[in-house]
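Two complexes come next, and they have one chain in common, subunit A, joined by subunit B in the first and subunit C in the second.
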Partner chain A sequence: MNPPLNDIAAQWITLLATLMLVLQLFMVVQKELTTNIRLFALQSFLLATVAALVASTARAWHVFFVAALIAGGKVIFLPWFLQRLVRQVQISLESKPLLNAPLAMLFCGGLVLLGYVAARPFASVEQPLNNILGVAIGQVLAGLFMMINRRKAITQVLALLAAENGIFLAAISLTTYGMPLVVELGIFFDLFIAVMVLGILVYRIRETFSTIDVGRLNQLKG
Partner chain B sequence: MKLDIIGLLVQTALLLLLAPLVTGLIRNWKAKLQNRRGPRVWQPYFDLVKCLRKDMVISEHASWIFSATPYVLFTTAVLAGLMVPMLNTHAPLSLFGGALALVGLLALGRFFLALAGLDPASAFGGMGSSREMTLSAIAEPALMLSIFTVAITAGSTNLSHIVQSVEGTTWKLLNPAHGLALAALFIVLLAETGRIPVDNPATHLELTMIHEAMVLEFSGRHLAFIEWSASLKQLVLMTLLVNIFFPIGLALEWSPAALAIALAVFVLKLLLLSAAVVLVETTNAKLRLFRVPDLLSAAFVLAALALLSMFVFKPS
Partner chain C sequence: MLLILLLVVPLLAGVVCLFIRSQRVLEALNLLPFAAVAVLACVLGANVLRNGSAEALEGFLYADGLSALVVGLTAFVALVCSVYAVGYFRHELRSSKITAKQFHRYYSLTPLFVFAMLLVTLANSLGVMWVAIEGTTLASVLLIAFYNERTSLEAAWKYIIIGSVGISLALLGTIFTYYAAAGVLGADSSKGLNWSVLLPLAEKFNAPAMKLAFVLALLGYGTKLGLAPMHTWKPDAYSEAPVPAAALLGAGVINCAFYAVIRFQVLATKCLGVAFPSKLLLLFGLASIIVAAPFILAQRNYRRLLAYSSIEHAGIMVTALGFGGKLGVLGALLHMLFHAVTKPLVFFCAGNVQQHFATPYLRKVRGAIHVLPASALLLLVGVLAMTGTPPFSIFQSEFTILSAGMAGGHGWLVALFMVCVVTIFAGFLSHIVRICLGAAPENTPRAIVCPWKFAAMMIVLLPVIALGIWLPRPLFALVQAAARITGVAP
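So, the complex of A and B:
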C-alpha cells in the first residue's frame, strides 16, 4: 500500500478525472470526426497531466515515463495519424448512429451511474483517489458503448482508445500508482499496432466499398 | 436577518447599470475577434435611451398582456438579480427565497414573454414562443440540477448560504461534482441568453431565431425594457455562475474597502466569463434547431451526473 497523496493533489486529480469523463460524454454525442479526434487528444492530455501529478506527488518515478508516453503517443502521434486518415478517406461526418444523441447521452449517464455503483465498495475517506475508480469504470463503459453505437470504423477506433484511457486512469490513480512498467509498455505497443492495422483496414474498406460504414461488412458473407 | 436598504439600492443600481455594459462588451469583443471594429462598449446604453424616447406601435389585435409583458419581464429579472449575492455574501432579497425562487421568477418572465409572442398573432411570434418553451423545458431542469449540486455542499438552497459556505470546512474549490455542474450551467447560460450554438443574438433575419422572434412586435419603450431585461437576465445568470462556483472575494461586511475589492474581483470574474462566451460564440456555428435539444440534453445529463457524483465523492 502506497502512502496517500496530499489533499490538494488528490483534489486536482479527481477534478481532472471528472473532466475526462465530461470529454468522453461529449465524444459520445459529437458527430464531427475531426472534433472527435481533438476531444480525444484533449482527454489524453488530461490523462497525461494526471499521470504527471501522481508521479510527482507520490514519488512514483516510473509513472513519469508513462505520462511522457501518453503525451507523445496519445496527445500528439495518434491524433495526427487519425486526422491524416480522415483526410485520406475524405469522410468527415458520422452518419446514423444506432441511438440518437439525447438517448445516447442518457444511456451513457446510466452507464456512468452503473460505474459509480460498482465502485461504491472501494470508496474511502483515507484514499480519496479510490473514488476515481467509479469515474474510470464509467468512462470505459461509455467508450465501449460508443464503439457499439457508431458505424464508422474510425470512430470505433477512437472509442477503443478512449475506453483504454479510462483503464489507464484507473491504473494510474488507484493506490497502486500505475501498473508495472513492462505491462504499460506492452499495452502501449499493442495499441499502436492495433491502431496502425485498423488504419490500414479502414483505408482498405474504403477502397473496396467506398464507405467506411462497418455495417456494410455483412455483405461479405457468402 | 433584516432587510438591508443600502445593499438593496447598491445592488439594484449595479444590476441596472452593469447589464447593458456586459452585453455591449460581449458584442464588442466578438466583433474584435472576427476582425471587425464593432460597436462601442457603451452602445447598448444609447440604444436604450433612444428606444425609451421613441413612440410605440402596438398591433390593434394585441391585448393587455402585450403591454404588460415588458414590465413583468423587467421586474422579474431585477427581483431575480436581487436574490443572487453579487458583492456581499448576503443577497439583498435572500429573505424572500433562494435558488427555487430565482428559477421561478425567470420562468414567470419567460411565460409572459411567450404569451406576448403569441398575443399579436404574428406568425414569427408564435414560432418563437413555441421554440422558447420547448428549449426551456430541457434547459430549466439542467439549471436547477446544477444549482442543487452546489446546494448540497452548502446544505441549503438559499444562494446566500451557498456563497457563505466557502468559509466552511465542507467546501472544496476543486470538487469534481462542481466541475460537472459548471459545465452544465455554462451550456444552460448559452441557451438562456440566446448565444450562438442555440440562437443568434446578432440578427433578426434568421428563420431559426428564438428570442428575437418573440420580441419582433415590440417597439419603442416596450422594446427598451425587453432589451434591458434580456441583458439583466444574462447578467443574473452570469453572476449566479461565477459567484456560486467561485465565491471568492465577496465582501463579508459593508465596509468601503471590502466592497471595492469585491467589486474588482466580481468584474474580473465577469470579464473572464464573457471572454469564454465570446470564444464559444466565435468558434462555433449555430446549431440546427432540431440539434439544440441534443446539446441541452447533454447539459441535463451532466448536471444529473454532477448531482450523483456529489454522493460518490462525499467523504462518508
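So, the complex of A and C:
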C-alpha cells in the first residue's frame, strides 16, 4: 500500500506534474519540430525528477532505477534519435494543424477539465499524490489530441511519447511505486522498439511520398 | 519447464533466423519450431486438463484452461501459416515481387511475432501480458509494410498509430486495476498484477477504479481485437500484409486480444457484478457486427472482405461474452476455437486466387473454379463454414450464442444479431460465388498446384470438416476448463 509521503515532497511533485502539463500545452501549439522535441525532453526530465523524488522519500530503490531509465531513455536517447530523424528527412516545420493555436489551447483546457472530472472519485486527503491524477489524465488526453491535430508523422510519434509520459505520471500518482519492475522494464523495451519501428516507417514514408504529411496517406478506403 | 520451452523455442528460432541467409534453412527454422510448439501446446493442454493449472519461473509464467486453449490455437495457426508461407513466398520470389531481403524479413520476424503471441497467454502478470500484446503489434508492423508500396506504408502507419493509442489506454486500464487491487493486496505488491494473485481477491477491489479499468481495458484491447469503432486499421492491415502474415493476424492475434478482454471481464464481473461489463460488451460487440454488414455487402476487394468478416467475428465473440451465463461463455470460447480453425483456410484460398489473378479486386476475378479448381472449391467451402452454414462448426457456436441471448432475455438483440449475420452470409456468398464460378477471363492459364500450399489447405480442411460433426472429448474438456475460469462452471 502507498506509504505516506512527507508534505514537502508531495508539494514538489504536484508542482513538477503541473509544469509537465504546461509543457504539454506548449507542445500542442509549437510548430517547430526540433523545439517540440526539446520540450519533450524537458518534460521527460521533470518526470524523471518526480520519479527520483518518490524514490528518495518513499525509499523505494527500484523506482530510482526507473528514474534513471527515464533520464537515459526519454531525456537523452529518444530526443537524440528523433532529432537525427528530423535531420534525415529534412523537414522541420509542422504544416497547418486541424485546429489553430488558440482553438487548440481552448480545447486542451476542456480536456484538462475533463481529466479533473474523471479523477474526482480518486481524490483524497491522506494520499496527496492521488490528486495529481487529474493532471496526468489531462496530459494523456492532450497528448492524444495533439496526435489527431497534427499532420507530420514525427509530431504524431512525439505526441504518443508525451501521452505515455502522462500515463507514467498516472501510475506514480495512483500507486506511488509505479508498476512492478519487470512490467516497467517491459514497457520501456516496447517503447524503444516502437520508436525505432516508427522511425523506420517515417523514413520510408519520406522516401516514397517525399513528405511526412500523414494527410497524404489516404488511398485505402472502404 | 514446458511453459519455458513453449516460449524459448520460437524466440530462439527468431534470433537464429536473423543471422541465417540460406532460404531453405530459413523455411526449416520456421516449420520445425512451430511444429515443436504445436506438440508442446498439446502436452500443455493435457497437463492443464490433468492438474488444473501450471506455473513456471516462480509464478512469472502461468497457464490455466483458457491459456492452454489459446496457446493451442496460436500454435495451430502458426504451423499451418508456416507451411503455406513456403509455397507463397517461393511464388513471390519467382515472380520477383519480393527480394531475398524481404524473404529474410518475413522468416525472421514471424517467430518473434509468434513468441509475443504465446507470451500474451502464458504471462501471469497482466502487465507482462500488456507488454506482450504491444510486442505483437511491433513484430507485425514491418510485416504489414512488407511490400513497401504506398498503400502498405499507409496501412502500417495506421496500424501502429491506432494500435498504440489503443494499447496506451489498455496500459492505463492495467494501472487502474493495480490501484483497484492495491487496497487488498497488502505488502506483497511486486506480484500485485499477477493473475493468480488477483483472481481470488477480485471481489474486494475498489469498485470505481475497477469500473474505469474495465472501460479502458476494453477500449484498448478492443482496438487490437478490431471492435467498432476502433476497427479502421483492420481492413488496411489485412489487405496489405502478405497472406500468411494476414492469416496470423486474423486467426492468431485476434484470439490473444480476446483472451485479454476475457481476463478483464472476469475481474470486472467479480468486482462489479454481471450487469456493467455485460452492457459494455454487448454495446461494442453488436456495434462491430452492425458495422461489418454494410461494408461486406458493398465490398470491392476480397482481401478487405476478410477483414470485415474478422470484425464481425470479433463482434460475435464479444457479444457472446456479453450475453453471459454458461451458454454465453461456452459459445464465446467455442466460437473463438472454430473461427481460428476456419479462418486460415479462407485466407489461404483467397491468397491463392490473388497470386494467380494478380489482383485483389472482386470485379476482375471470374471463374476461378476453372483455373484454380482446388482453391476455388475450398474457398466456397471455407466461406460457407465461416458464415455459419450448417453442418459446419461455426453454425453450432452461433446457435449456442443465440440460445444464450434468448436465455438471458435479450430477444431484440438476438433478432438484430440474426439479421446482420444473415445479411453478411448473403453478401459473402454473392461475392464469392461470382469470383469462383462463371467463365474465367480469356488467356488466364491454369494454375499449377503447389504442394506446400495444397498441404496447408488440407491440414486446415480436416478440422474444418471434422469439428462440424465431431468435437473430440479432450478438446471439449479444454473449452470447459477455459469456461470455468470465468466463474460460471458448466
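Everything below uses one rule, namely that the second predicted complex is superposed on the first by the 217 of 222 C-alpha atoms of A that agree within 3 Å, B and C clash if a C-alpha of one lies under 4 Å from a C-alpha of the other, contacts with A are read in each partner's own complex, and residues count from 1 in each chain.
Note that in this section a contact is a pair of C-beta atoms (placed from the backbone, for glycine too) under 8 Å apart; a residue touches a chain by one contact, two chains touch by 3 or more.
Because the structure is a prediction, the values reported are computed rather than measured.
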| item | value |
| --- | --- |
| Superposition on subunit A - do subunit B and subunit C clash or fit | fit |
| Which superposed partner A:L113 touches (first subunit B, second subunit C, both, neither) | first |
| Touched partner set for A:F189, first subunit B, second subunit C, both or neither | second |
| A:L47 touches, of subunit B and subunit C: first, second, both or neither? | neither |
| First, second, both or neither for A:L129, with subunit B first and subunit C second | neither |
| Touched subunit A residues, subunit B compared with subunit C | C |
| First, second, both or neither for A:A55, with subunit B first and subunit C second | neither |
| Which superposed partner A:A142 touches (first subunit B, second subunit C, both, neither) | neither |
| Touched partner set for A:A153, first subunit B, second subunit C, both or neither | second |
| Minimal inter-chain CA distance - subunit C and subunit B, angstrom | 18 |
| Subunit C residues within the subunit A interface of the complex | 60, 125, 127-128, 130-131, 134-135, 138, 141-142, 145, 148-151, 153-158, 160-161, 164-165, 168, 171-172, 174-176, 178-179, 182-183, 185-187, 189-193, 208-209, 212, 235-236, 239-240, 295, 298-301, 304 |
| Residues of subunit A that touch subunit B when the two form their complex | 11-12, 14-15, 17-19, 21-22, 25-26, 29, 100-102, 105-106, 108-109, 112-113, 116, 119-120, 123, 125, 128, 131, 134-135 |
| Residue numbers on subunit B that touch subunit A, as the complex places them | 172-177, 179-180, 183, 291, 293-294, 297-298, 301-302, 304-305, 308-309, 312-313, 315-316 |
| Subunit C contact footprint on subunit A (complex, rising order) | 1-2, 118, 121-122, 140, 144, 147, 153, 156, 160, 163-164, 167, 170-171, 174-175, 177, 179-183, 186-187, 189-190, 193-194, 197-198, 200-201, 204-205, 208-209, 214, 217-220, 222 |
